[in-house]
Each structure stands twice: as structure tokens, then as C-alpha cells.
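Structure first, then comments.
Letters A, B, C and D mark the chains as written, and numbering starts fresh at 1 in each.
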Amino acid sequence: MQKVYSDAKSALAGQVKDGMTIMCGGFGLCGIPEVLIEALKDTGAKNLTAISNNAGTDGFGLGLLLETRQIKKMISSYVGENKLFAQQYLSGELELEFNPQGTLAERIRAGGAGIPAFFTKTGVGTLIAEGKEVKTFDGEDYVMERGLVADISLVHAWKGDTEGNLIYRKTARNFNPMMATAGKLTIVEVEHLVQPGELDPDAIVTPGVFVQRIIHVPNAKKHIEQRTTRKREAA
Amino acid sequence: MAWTRDQMAARAAQELRDGFYVNLGIGIPTLVSNYIPQGMKVSLQSENGMLGMGPFPYEGDEDADLINAGKQTITELPTTSYFSSADSFAMIRGGHIDLSILGAMQVAENGDLANWMIPGKMVKGMGGAMDLVAGVKKVVVVMDHVAKAKDGMIEKKLLHRCNLPLTGARVVDMVVTDLGVFTIDKHGSGGMTLVELAPGVTLDDIKANTEASFQVALAKAA
Amino acid sequence: MQKVYSDAKSALAGQVKDGMTIMCGGFGLCGIPEVLIEALKDTGAKNLTAISNNAGTDGFGLGLLLETRQIKKMISSYVGENKLFAQQYLSGELELEFNPQGTLAERIRAGGAGIPAFFTKTGVGTLIAEGKEVKTFDGEDYVMERGLVADISLVHAWKGDTEGNLIYRKTARNFNPMMATAGKLTIVEVEHLVQPGELDPDAIVTPGVFVQRIIHVPNAKKHIEQRTTRKREAA
Amino acid sequence: MAWTRDQMAARAAQELRDGFYVNLGIGIPTLVSNYIPQGMKVSLQSENGMLGMGPFPYEGDEDADLINAGKQTITELPTTSYFSSADSFAMIRGGHIDLSILGAMQVAENGDLANWMIPGKMVKGMGGAMDLVAGVKKVVVVMDHVAKAKDGMIEKKLLHRCNLPLTGARVVDMVVTDLGVFTIDKHGSGGMTLVELAPGVTLDDIKANTEASFQVALAKAA
């Protein structure tokens, strides 16, 4: 059982089919599995449903698969950074399902944890609750939300060992750990590929059982959407 | 003389308490972090997975892996911890964050809030706003009292009922505008109460710019 | 806002009332908040409901509060190591609610996460599902389980900083992290109390927001229930 | 000549596959770890929060913070990770564990399993058993074919229907007893099938000791 693949192309080879549901980690462009997304584009698979908090930006992340019109539907919480997305959505080419960000995160966590549905206060009394079961617990209303699973999850991690144990870096963690648990096939790109024993077992965030395939991306490109800084004060 | 953006942020900062865990929205709410009283310990949560958010980095120190929920580069503090989006919203939904300060398009007198979509216009999504207003213990809205359209028309934002799609029903505890401060009894039947006027603003100014019904209980003289 | 208290007695002072619900971390005697349990006993509070995977053993852990008959009801998954428990249960002194271990863990996680109820396959078609809502999702039956919260959670961690950020050691983690999130008041004993900045922020398991009070227990007693070993092979 | 405990464990070990993640119950199932074929990679999960469980420690190396679900001292491996009970059962409930091998009091021909309580006797609790049988992809029971009571009476354990309270309904895929091996079509209507006999055991021996209805499809000669 060798989990390490030489590159993104070989890790995806023969796995992606038209119409599949793909989860994609990241928040904005932070912690997205950029190399795997490019390889997903290169498979040419069409009519994909993409579950991802955002839709990338024009030319980056899932934005690439919008250009090639490979995505049929997005399940997201915020897509404000992408003009191409707006065009395709307004022209009716692209389906869109908005989820509150916490509900999206919890639906993915539930999918990976074998929980088909749960109740949350979020969205009660709003459009989000329409058509969904609402139930009262201890005098308060809650809406039922369903768990989400994917055919393939694409994940970006900071360090991973050859067993698939993963550690994330700062806010690049975001949706990656839950998505790792909710993919029937989970493929991970890691910035640092290490041997078993090199990660602190108390600090591993994603145990290897959730990871089927790993690639090493030693020079991951990273993008900053909003570069905000402060001036150094004079000494 | 209405409050400036910074004065509104400073007024909202009066709702901070020592030891509070706080989530600040984009825009004026972000400015609130500049008005944390000296000696008061306030921890900022960023819903993309961070507790203990520091200020913007010095030029050259930006880290693409370290951003806030507005996708801005930020820094960490000695107290910082990182966690997943699921854990972050478990923290929010579970009522562990004391205060959320955010912007709004409309607020109704019963505490309903609309701030995520205008039908017919491009919809960007609600992001974490619905979770924040549903889960956080106290929700303070900071916004201009009225909206000024391009044609110069004024649209009221404090309403009997929101006519935009809701972000949350009965979720707002307090509204700070450029003209004054209102509290809302969101769980009871007490409705909305005007509790403070910006300097030089009169009750008549407020009445002229407010559709919502409200009581008046001014603690300070105008 | 000072979270650090000098000892268990002062950390509990004035907080414990008769009839409260108390969560108590640990699996068997591994990772139990032993010093806090002793202080809980010393408060003399009665008619407590204890939520804990096990009930300690005779003379250790929650076994201490059984001796003094301070516990009215246990919510647990396995109580096989405690003779006193059996006596009190069979005599009708003690109420008992059994939960499957994973359901118990998830109910506590849900309580801390603002989820009043969720669905699970566990226990469908058994006594556990009796009187509970059963719902079909995608052709399979699931039982609805409720979230759990406590008035006070008692937690044991390995390292904690003065902010309440916590790290656990090996299998002593178990129920402690979820219980830390599900207590209205969470009190933690840590083996090593450190300053902010000494813990790796990517490795913190319990962020400080969940912790209201901390005590330092530098010489924590630890107990082994089943000492199993193997022989060293001759070189 | 019926199988010994070790032979039963060895037979159950034939269900292991390279790369499997496996949870082993207390008793005979624990012995299965001694029969992992050379060169096969199998990772053991312990439901109290550990993946990659090593053997018992050498004397003197016991660590009170490092135990398995049977509360026995164990060791870690280079591949080990630790996690909370919630995360552990998310792993189990979510179907990420390939195989669970556990003991039983009774198994019915439809795959029903009873192994946690006898009414009227002291009940210790189900621990993680209900979650394991509901969540793990394949469930193999290893047990004596019949129970021998103190008075010498024999009680059958493979039944039409369990008369003890269930641990799970339609959950068992395979039963390994000291007399043979059965498969169960738990999701379909195929019922129970005898697929293997222990050496020297006859079909009549099985019939005499089994209440459950079963088909016979012996792959190997007895």
C-alpha cells in the first residue's frame, strides 16, 4: 500500500469522471490545493459539482475550472472575488447553492463522521431554511442540515508523512481537515513530505486513515488576495 | 453633528468587557480593534480558523498562510491558536464568542438583520454572517443610519420589517449608527429603544430618518 | 481576567451546587481530572448528574463520589470496573443512562458546538433507539440523539498556558477536549503550566476560549488499570 | 477437532488485506494481531483515540497515558496518531475503518448481534461496540460455537433470532467459531452460509450445534 504518488497527474489518473462531486480545501486562495486543481483541470472532466468555500479568483484556484466550463454547480458560502463566476451564474450556465460558512463546514464534518443530518440555529427564519425541516428543541427553532460527502477530496497540507498523517500551517488549515474526512478518495498535496515518526503524534490533525494518495509539492505557489500592512514605527 | 466612522467604532468599543472573545466584521467593525481600552484584555476571533488575531504585518512580513476572514494579511500573537473551519464555527455556534460587531443593510425593530443580498443584484454569499448572528452571545450592528443612493435619494435602514432577505431573525442586540445608539429586546417584546444621541443630533433628526418604532430612554443629554 | 487559580479548592469555590450536571474527562483512569474530582468531593455537593465515559474504580476517580453518595445519576458507556457502582445501581440508589461510546462523545461535541441534535446509525434497532425519533436518509435508518451540556466540566490536560490553550498527551486526550467545549464553566488541571507563546499554535487542541479556570497539578498521580507487558527478547 | 482460540484468531486474520485499518475487540480478537501475514501492512485503531497501535510495552516501560480500549498498557509506533473520542468515533461511524473483529454472545442468521447485556444480570455497558458494528465496513465475529453453562448445559449462539438485547441489527458479515466459518448477507436476503469447517468437524456436528438456518457452500474439503 504505497500512498505516495510522483505527481498530481498520476495521483488523479483514472479517478475523475464526468459529473463527479469534488471537494476542494482552502479559504479564498489560502490553503487551496493549487497543484491538484490544475491537474483536475487537465483531466478534462466535465459537469463537476465543486464543494468549496469560495470559487477561487479569476485565473487562480477553481477559477481555472470556471474558465474551461468544467464546473456545473458550486456549493459555497462566498464567491465575491470572481468576475467569471458572476458572468456564468447570471447567464444560467452555472448552478449555485449557498450555504452559511459554518453550516457548510459542519455539513462536511458530518459527512466524514457518518452523520446524515444535524440541527443548527443558523439560518432559521431566512431563505436558507426554506424547504428544510425546522424543529423546536427546548423552545428554540433549529433547521435540519444534511451531511456532505464527495467522490474526491482535494486537500492542501503543510507537512505529511508517507502514511498520510497531516499537519496544517496557520489559517491555511481552514476547510482542509474536514474535507480530508469526507472524500471517498482523498488526495493531498503536502509542502513537506516526511517519514513516519517525524511528526509529533499528539499534533497530527488528520490521521493517515483519511488519506489515500499524497503528492509532494515542494515549491507551492501562494497568493495573497488582500495585502494589508502597517508601517514600522520609527525607533 | 453625526459621528464619524471612527467615532462609531469607538462607541461600539464601549461594549467590550475585560476577557471578551470578539469577532469583528469587515469595514467599520474592523476599526473597533483600535479602541480597545488600555489594560483591557480582548481576544479577536477570525472565523476562518484563528483565535488571538494580531495587527497587520509590517511590510515584507506578510504570510500567505496567515489571513483573516476578509482575506487580509494579519499577524499572530503569543496567545494565538489555529483550528479548522468546523472547529471555528463550533466555537461560534456553540455560544463561546461573547460579542460580534458587524455591518448591516437593514435592521428591524424586532432585531431582524439583513446584510447579505439584494435580490436582482449579483449575490456574493453570506459567508459566516448567518452563523455569527445566530451563535454569538451579543450582536452589535454598526452602520450608517440611512443609505444614500446615487441619485441622492435616501433609504431608511432601521425599519418596521426588513424588506431584504434576512441574515438572521431576531438576532441584533444593539445598533450604533452615525446618529445614535439603539438597543433591541430581541428575545422579548420590548422592541427597540433609542439610548444615545450623537453630539448635536436631535430626537427629531432620528425620527425623520427612522422607520422603525422605538422608545426613547436617553441616558446622556444630547 | 486571570484564569489561573492556586488550587482545585479555590477554582471550585462557590461554583458547585446540589443537583448540577458535571462532565468529567478520562477513559477508565487515563486522563481523569483526579485533583479536581477530589475537590468536587470536598464541596459536599449532592444529587449530582455525572457525565463520564466510566465511573472510575473503587477508590479512584468518580468512585470517590460514589462512596460519599454524591452522585444521583451517571451518563456513561461502560461502568464495569466498579463494584460500588454495581451495588448502588442494583439497590436503586443510582440512576444510570447508558450511551454507546461514540454517541456519548458526539453528544458532548454537539453540545459544545451548538447542535441540539444529530442522527446516527449507532443503536438503530436496539434498546438505545427506543423512544427516540428514527428517520430514514437515503434508504437507511438513523436515530436522533441530543447534544449534551454541563454546568461544570472538569478536564485534565498535559500542558496549558495561562490563556487556557491546552495540549493533551497520548490516549489521555479521550473525552477531555469535547468536555472542555460543553461546560458552562470549564475548569482544567494541567500537568505543565506554561506562558503564552510556549505552545505551538498549530498544535493547540483546545483554544483558550473554552477554558475559564486553570490549576497547575505538577505531580499528577496516574493509575494503570491493566498492566500488560511483553518480555524483552534475548539479544 | 475444533479450532483453538489461536486457530480461530488465525482464521479471522485471513480477512485482513494490505493497507487495512482494523479495530480488534477484547479476548480472541486481540490475538488476531499475532497473525498478520509477513509483509502485510495493517494499522490497528483503538477507539479511545489512537491509530497505529503497537504491542505491549517491555516491563518498566508502561505509560499510564498510553492504553488501549481494554485499558491495557500498549506502545506507539512511528505511524501513530492520537485524537479525541469524538474524532475516533467520527472515524468509526464515518466508515473509515475497514474491519472490526469482535466477540459475541449471540448472532442471528440475518446478521443481528448481541454482545453487551444479559437482562437481570449486572450490566456493564456497551462501550464502543454499538458504534463499531454500525460504522465499520466489515464486521467479523469470533466466538465459541456454543456456550457451556456451569451446569453443563449447552446454549446455542447461532440463532434464528437473538433473544438477548441487540448490539446491532443486521451488522455481522462473518462468524468464525471453533467449528467453522459462516458468511452472512446482512444487507440482502441471502441469509447465512457455512463456508468452512474446522478440521475433523462434520456438517452434522455443525447442524447439531446451530439453531440458525444456513446454506452450505464449502470451499474447502472438511
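Here, contacts are C-beta pairs under 8 Å (C-beta built on N, C-alpha and C of every residue); 3 or more make two chains touch, one makes a residue touch a chain.
Remember, it's a predicted structure, so these values are computed and weren't measured experimentally.
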Chains shared as neighbours by chain C and chain D? A
Looking at A-B and A-D, which pair shares more C-beta contacts? A-B
If you take the mean of the Cα atoms for each chain, which one ends up farthest from chain B? D
Rounded to the nearest Å, the gap between Cα centres of chain B and chain D is 55
Would you mind pulling out the distance in Å between where the CA atoms of chain A average out and where those of chain C do? 32
For the pair chain A and chain B, the C-alpha centroid-to-centroid distance in angstrom is 28
Provide the C-alpha centroid distance between chain A and chain D, rounded to the nearest whole angstrom. 36
Could you list the positions in chain B whose residues touch two or more of the other chains? 76, 82-83, 89-90, 92-93, 135
Residues of chain C touching at least two other chains: 106, 109, 113-115, 120-121, 158, 168-170, 173, 201-202
For each chain, which other chains does it touch, given as pairs? A-B, A-C, A-D, B-C, C-D
Which bits of chain C are touching chain A when the two form their complex? 106, 110, 113-121, 135, 137-138, 140, 142, 146, 158, 167-170, 173, 200-203
Chain B partner contacts - residues on chain C that touch it in the complex: 1, 109, 111-115, 161, 163, 165, 181, 195-197, 201-202, 204, 207-210
Help me check something: in the complex, which residues belonging to chain D touch chain C? 46-50, 55-59, 61-68, 70-74, 76, 82-86, 88-90, 92-93, 112, 122-131, 134-135, 165-170
Where on chain C is chain D touching in the complex? 27-31, 53, 76-81, 86, 89-90, 98, 100-106, 108-109, 120-128, 158, 168-178, 205, 222-232
Residues of chain D touching chain A in their complex? 18-19, 21, 41, 43, 45, 51-52, 76-83, 89-97, 135
